[in-house]
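For reference, chains read A, B, C and D in written order, and residue numbers begin at 1 within each chain.
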Amino acid sequence: MKLGFIGTGRMGGAMVLRLLAAKHDVGVYNRTPGKLKPLADAGAKILGSIADAARYGDVVYTMLADDSALMSVVFHPGGLLETMPEGRIHICAGTHGIPAIRALKEGHSHKKHALVAAPMMGRPELVTAGTAGVFASGPAAAMAKCKPLFDALGRKTFEGGDDPEAATAMKIANNFVLGCAIEAMGEGFALTRKYGVATSVFYDVMTDGLFNCSAYKVYGKIMVDESYSKVGQMAALGLKDANLALEAGFLASVPLPSGNVWRDRLVGAVAHGDGDKDWAVMALEQARASGLA
Amino acid sequence: MKLGFIGTGRMGGAMVLRLLAAKHDVGVYNRTPGKLKPLADAGAKILGSIADAARYGDVVYTMLADDSALMSVVFHPGGLLETMPEGRIHICAGTHGIPAIRALKEGHSHKKHALVAAPMMGRPELVTAGTAGVFASGPAAAMAKCKPLFDALGRKTFEGGDDPEAATAMKIANNFVLGCAIEAMGEGFALTRKYGVATSVFYDVMTDGLFNCSAYKVYGKIMVDESYSKVGQMAALGLKDANLALEAGFLASVPLPSGNVWRDRLVGAVAHGDGDKDWAVMALEQARASGLA
Amino acid sequence: MKLGFIGTGRMGGAMVLRLLAAKHDVGVYNRTPGKLKPLADAGAKILGSIADAARYGDVVYTMLADDSALMSVVFHPGGLLETMPEGRIHICAGTHGIPAIRALKEGHSHKKHALVAAPMMGRPELVTAGTAGVFASGPAAAMAKCKPLFDALGRKTFEGGDDPEAATAMKIANNFVLGCAIEAMGEGFALTRKYGVATSVFYDVMTDGLFNCSAYKVYGKIMVDESYSKVGQMAALGLKDANLALEAGFLASVPLPSGNVWRDRLVGAVAHGDGDKDWAVMALEQARASGLA
Amino acid sequence: MKLGFIGTGRMGGAMVLRLLAAKHDVGVYNRTPGKLKPLADAGAKILGSIADAARYGDVVYTMLADDSALMSVVFHPGGLLETMPEGRIHICAGTHGIPAIRALKEGHSHKKHALVAAPMMGRPELVTAGTAGVFASGPAAAMAKCKPLFDALGRKTFEGGDDPEAATAMKIANNFVLGCAIEAMGEGFALTRKYGVATSVFYDVMTDGLFNCSAYKVYGKIMVDESYSKVGQMAALGLKDANLALEAGFLASVPLPSGNVWRDRLVGAVAHGDGDKDWAVMALEQARASGLA
């Protein structure tokens, strides 16, 4: 398939390489052109503007860092809304908030564009390895057309139906369940430490038993090692995810009390200067709240 | 080893059978004698009183339903405190609160008994299958002596050091982390449902990815099937566990905000008449709070 | 003093009448002109555009319903930023979020305008009666110049220093303390009801003793009478205030756990269809969560 | 009326003096006799045992520090249960938990004693000044008989019906509403401080307006002055009250999310070594959680 791709940072770059490897014809555009060389080497066509990407193929993929970047790519003069031909599909792949997706739905529908939300599940390394997942939802015809792309990008696609909000909500909720798990682990470690249990022992308890899965192994390990400075996801970005979740809950009238706890812990971590640490630093902030740090 | 065993309900019975299978000499006592027949058939010696159990071997194991049963077995006239000879070991295996363990520590130390806390990790079926775990802590010499028993009971022992409170805290904290995970899942399901995502799809998202472990698979499945009436652990008992956790937090000055959320959800479930459902009914209570049920 | 006034809804209208009564020369502009007649009768000059209001006097006051109305009055073509002469003062009086005030600070500083935030404390009736208060903060020289206006509007001005965010934060925090008080009352009523105490009796307990003040009397009375349909402040607008508070907390790295509880209760009320009731309906939602309603 | 009075600490002593001033005949018993002299001087008869107090008049009043003291006065050998004649009334005046009152109800009913719960509202100084209140509930005939005593003790009696749990719940819930107000104030101060507002200004905002009542004035003042070392109610005792409230909520199936926040803040204060400060120190703990202290 022929498609434009906007936003070739670490995640976007990994996605483009997967798409090229699956023999798709990908025209790429990035605001800062520096990152495009390896993609060109792998066969991507370098494009000079959003408009060029919008018109390159039947589909234009965006993989942007946040809502603000997305809004500007879509709504600014020369943006997708203005330049995408009727009938084309916009696949929106970043982690965005429900209000942003709603704004896109409305904008694209006026222009007779289809909108598919398709955030990735997993870090760029997993995309490269072919073990990432894809959350996807949007109008059935558009979804069917996009399927080969999703198949190229991940080992599995989780389909949420015909509303782009569904995939967005899945991505947000998956982060939410993870954030709450990290918080609960932090609380469990603080509690057991006060009763003299070594963190490595309680780590074994959790991961050997009920919680023998990557969420607990990866983040529990960081807590045991106190290796918060080796950052996967920054606390400040985790807080952005928490805000997205609570906003999604607000908009759908869903109280999320565990989400409040998650968010408050990250707010506290930032207040104590740990916003640029890995978000597992929630455990350190919990220790602090318990008089342990 | 020769040991007395008090409390042969479902869990205690499974434990005794494992100990007998490992060629230990077990004298059993239960307040209501009806359940003892299969144990006698397997080689257990039936005893007539707590005192007989207290004196049967070097060790007396208790596996009792709650703190109140434990207090009466230990402190009442004719109880362990009165009847256990000096130098013997009491292994306390149920899920008990920190205050109960503290009372036992003090009582036994006056009588020169050793106290080891050794709650089980896993349901009776797992004990029978040999795949359960053992949390254990207590004075080093006593722990060393008890090791063959733990080896007979589970596939792995998680040792928490020389204070019996440590193993108690591990058991409580493991339940805590589980309760919080169930609550967070319930919130995640409510959120995604409002955005049109089928529960089976969000179940796949969680268990295929970061949460590919029994805590999420077992309880997430109950939520998808809404099979709350097929009860593993009752909500009302889950609430007892939540209370134990918050009490342990209070005593050690550890705020447990996720624990509050867990507890409140179960309080709400009980308020709405679901106390005798499986504690995964927290998801139904969350749905109710979201206007979904 | 000569001043322009933009936004003459119920609150704005009451304010203009107070200013006129204090012999200030007020030019008024409202997007929908219908409400201006009584103000003209009282001596206000009717203006035809935002630009006219911006240039009418040394000061332009805005009293707008929400951030979106404020943003458009300030930033749209023909708005205050474009049309206010250098050196003039914008007094911003509505309940706005910290991000909106930050945007105004930045915009006005580029244009050499002074920004004073001066939200009102109290309903329009109190303004009319002269018993309202004024929260105010901004650059000292501008504050000094605005003092006669504040004196005309309320019985007391609470000055927060030279940053317009301070008055905004006071307004938000005062609503926050109120929302939390309403929530706590609702919880107290649910608790005592379950123990057989009539709501009128617990109302007396609170308001006769420690809580002999309008926050508890006004909202407690609504709870006792269950007169949630006679609406002072709508639950949905209370939720807006809760969101402003949590956003302000997030931006300043202040965890607000009581605020989470307040917000979640209102989210639940909206989920159960009570968004258009008085926000004291939080007590009904709490009763519902307790199996009482 | 002739009555026995057990427990003459600061509160009990103040109560006895009020009763004597109203011409009641009061026989007093205290475990440690030292405090009885001023009461004898005022006309009280000194008694030598619980039994003497139990038989002194138609009524025996207890004003004890906690549940454990109450349990021992009532249930121990020689206690009220054993020594009160049939048909007499036990008025229980301390701040006790619901389970303690339930135990008393059951115990006394077996002995054909009436139980009235009548905790005081207000500190000992208020009792002395005659401005305290009385929460009271119990069987109607007993309540009628006790009325002159309540009239002597306080300016107003809040009657909760015929179940002694009702007055207990009112006392607990009144403390609860207070604790939540203190917590919310602490959060409001932390929020406004971060935006540059002096604590004295936000204190004025609250107490001049919606919160012009002693709860906010007394505790807000302590926060402004940071005079946490001048202790009215210790944080550790506030935590006891929080535990009583959450226990009462649990027993009646009432989730109390604001109560959780209150309790956690006190747990944190204790964790940071402030358990012996005034419980307004919750504001300091909130400041700490916000990176302000």
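As a convention for this text, contacts are C-beta pairs under 8 Å (C-beta built on N, C-alpha and C of every residue); 3 or more make two chains touch, one makes a residue touch a chain.
Quick caveat, the model's predicted, so the values are computed rather than measured.
Visitor: So which chain is farthest from chain C, going by the mean of the CA atoms in each chain?
Guide: Taking each chain's C-alpha mean as its centre, the farthest from chain C is B.
Visitor: If over half the contact pairs have to be identical by residue number, which pair among A-C, A-B or B-C is the repeat of A-D?
Guide: B-C
Visitor: How far is the middle of chain B from the middle of chain D, if each middle is the mean of its Cα atoms, in Å?
Guide: That gives a centre separation of 36 Å.
Visitor: Spell out, as numbers or ranges, the residues of chain A touching 2 or more other chains.
Guide: 249, 253-257, 264-265, 268, 271, 289-291
Visitor: Where on chain C is chain A touching in the complex?
Guide: So the residues of chain C in touch with chain A come to 239, 243, 246, 249-250, 253-257, 260, 263-265, 267-268, 270-271.
Visitor: Inside the complex, what are the residues of chain C that reach chain B?
Guide: 257, 268, 271-273, 289-291
Visitor: What residues on chain B touch chain A, complex-wise?
Guide: Result: residues 98, 121-122, 133, 135, 137, 156, 158-161, 163, 165-166, 168-170, 172-174, 176-178, 180-181, 183-185, 187-188, 190-192, 194-198, 201-202, 204-206, 208-216, 245, 248-249, 252-259, 261, 264-265, 289-291 of chain B touch chain A.
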